[in-house]
């Protein structure tokens, strides 16, 4: 397929620790196509951010890619080092993090930061870059962009800062944006604005977006496809509507049922017993089996199967009319 | 009678720069009105929820309810006793032991150097009570094991720590627990466990909850009555059915529209206007008017009074 | 009660320490292990000086002036006795004087650091937790004190105290004055670090939980905050110990410290430097090397501790 922007194949990340080598990401594979938002959802410790960091070469040592391949626009990038990775990061991959202040230089005006980024990565003149900087700020909905181009990051509110970061991530015209919990630090009303902005930019420019979040609601509204992660592995991967309305993996099913819904009233919430295993203590076989009410001997013995046919990595995927 | 009665509660913080900076930069003192003229009652054995975004003053109200902060103006009465002015030490002590709090961050709310047993029984021991075997009993009641009493907090996950916090809150046999964002640091599946536990304990112990949250779905699931706060002011108060189906205040409407929905596939939400204003210089009249789609002249001039529309209380000139 | 609690297995503090990351990191750091071994050997030999030292250099009865200026490992020309590290002008065994001198140095160093620590922790906790004017007064005092070099402060205190002490008690008092002088010039950094850590801790919710149940500020500071601000204190205490030992040596070298009747390593170095140019190098060299080894290994240990307790710096 020509329009696959990012392709991850069997990616594993390892961290050597005192208690042995742990694998926060274990054999994860997914693709993101141009103009598509892939939501990566999971609870804390699921390895969702770690996979994103592996793509942009930002794993903190001693964490390292132990296996697998990462392809970006047909080029293999998991073995790139130092400078080559940095150039790629600015040019082809844009990044938006939870805390906008980590991506902005507090000592440079936002106009300078935008212009510098463009001059580094695009063959344009300074005058052209300055013109495009204003356009970029207008595009992300900053009122009075021309006047505010000389302002510094601290002069913006949280929501506006996140817009600046998005403008910065987009200004070198990357083919992929990795957004790691971009709205977690923001209020509900601002979150809705930022999500709408990401959706619009992705659609208009054909940029691929990896949207990492713990919020199922955000995924439902923003993503085209969703990857559900559990204990470093993919539990389920598929079209967002299919996965959320007809989950085949018992974990996704439990996750959906444990979210309070308007329709439910005061009835007890469904709960998945226990908690995500610690990395040092991931169970044999399917990592979810100790918490799974459908688990059978096979689940305890053999690792969960690859996702084939349906969308769940499960020996006994739930079928539409599940027995409850 | 209401267990808690809050009247005209106001809290102002002095956010001025240090004296020397003010003199040099020729700045006046700066004040932030975190809570402004808020009144509500909480019935015994009910769950009252305060919702709002950042800067809405919900946590400040929570801290005033339990006595961690003194009101600038207005009163908080618990069982008819105003803790800020009550002089009888025995009465104050009695009321204080009736109030407990659960905090947002399960990693900061347990002293990392204390064993779980000592943490849980502290409210009892501090009053000179006998705490024999209490920690073990409470741990089992919140779904942990009595064997956990000898461990330190770092050996537990976030959800388990929140259970320990709940056990500590229960140890002094309180009537009222103020829960400040009790599940917002937790994952969804763990949140469900904690919310279920809270519901069970409420019935078992006859508790009253004040639940502070930004999460509408949690509030809707738990609360008997919901107060919506915006910029330190109570803008609407209703039972969940009314609030979600028969919304009166434009801010509440905006909040409900903006919240992401699990079934909102590809939804193009009607986007909220602007952002929350600076609480040091709040807008004139109704604080919401700059973002309000239906605001008129009177909204810019006059701050709306709290009005009763049936069972709903709303502070909006135009609501009907 | 206890039959219930006793059934519950509870890891002891020692067990927890042996399982901790700090101890694991310690075992894997050659520098930390080596400096700990050196420090332990030095401290133990100072503690058991009377058992190890061949002579008691301060017992006039055991001294023989004929043994003066004997070189290390060489028999004395008159008496034929040999001394491991030689003797000084009065025939005192240098090895023994070093062992006894180290006792004085370590005692002064440890006592001064403890004094500075108690003072600094108390003032730091109070200023951090109470705030307001109390904080302003304490911290401004600290600022003012920092503008004086600490040796100068110590000499000033020493000089003033000497003026008030009757002549016959001066030698006895000298050690205690030294401790107070070094301690007073050293409390500021403890106070600053503790105040900083207290400001962080007091905002945490466990402190609010304690306030909520009506714990007094004193109980909160002592039982809740103090245990959580001790790890940076430990680092500073270790580094301060090295500095205090050097400060004591400096003062003694300048002649305002430990008296010749109770010589510390600094006093020994002062005595020894008089003989350097007449060829009796051992009287200076061995005390100096001992001081270096002591201060360096304590310092290395402090540096390692700082890195180990502060993962962000790694």
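Letters A, B and C mark the chains as written, and numbering starts fresh at 1 in each.
We take it that a contact is a pair of C-beta atoms (placed from the backbone, for glycine too) under 8 Å apart; a residue touches a chain by one contact, two chains touch by 3 or more.
Composition by chain, UniProt nomenclature: A, B = Peptide/nickel transport system ATP-binding protein; C = Peptide/nickel transport system permease protein.
Keep in mind that what you see is a predicted model, and the values were worked out from it rather than measured.
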Number of steps on the shortest touching-chain route linking subunit B and subunit C: 1
Best-connected chain pair, where connection means C-beta pairs in contact: A-B
CA centroid of subunit A to CA centroid of subunit C, Å: 53
Between subunit A and subunit B, centroid-to-centroid distance (C-alpha), Å: 31
Subunit C, residues touching no fewer than two other chains: none
Subunit B to subunit A touching residues, read off their complex: 53-54, 157-160, 187-193, 195-196, 199, 214, 216-218, 220-221, 244, 254-255, 257-269, 271-272, 275-276
Contact footprint of subunit B on subunit A as seen in their complex: 43-44, 157, 159-160, 187-193, 195-196, 214-218, 220-221, 240-241, 244-245, 254-256, 258-262, 264, 266, 268-273, 275-276
Subunit C residues touching subunit B - in the complex, by the definition given at the top: 1, 4-5, 8-11, 16, 204-206, 208-215, 219, 224, 227-228
Partner subunit C, residues of subunit B touching it in the complex: 66-68, 93, 96-97, 99-101, 103-105, 108-115, 117, 122-123, 126-127, 132-133, 136, 146-147, 149-152, 165, 168, 172
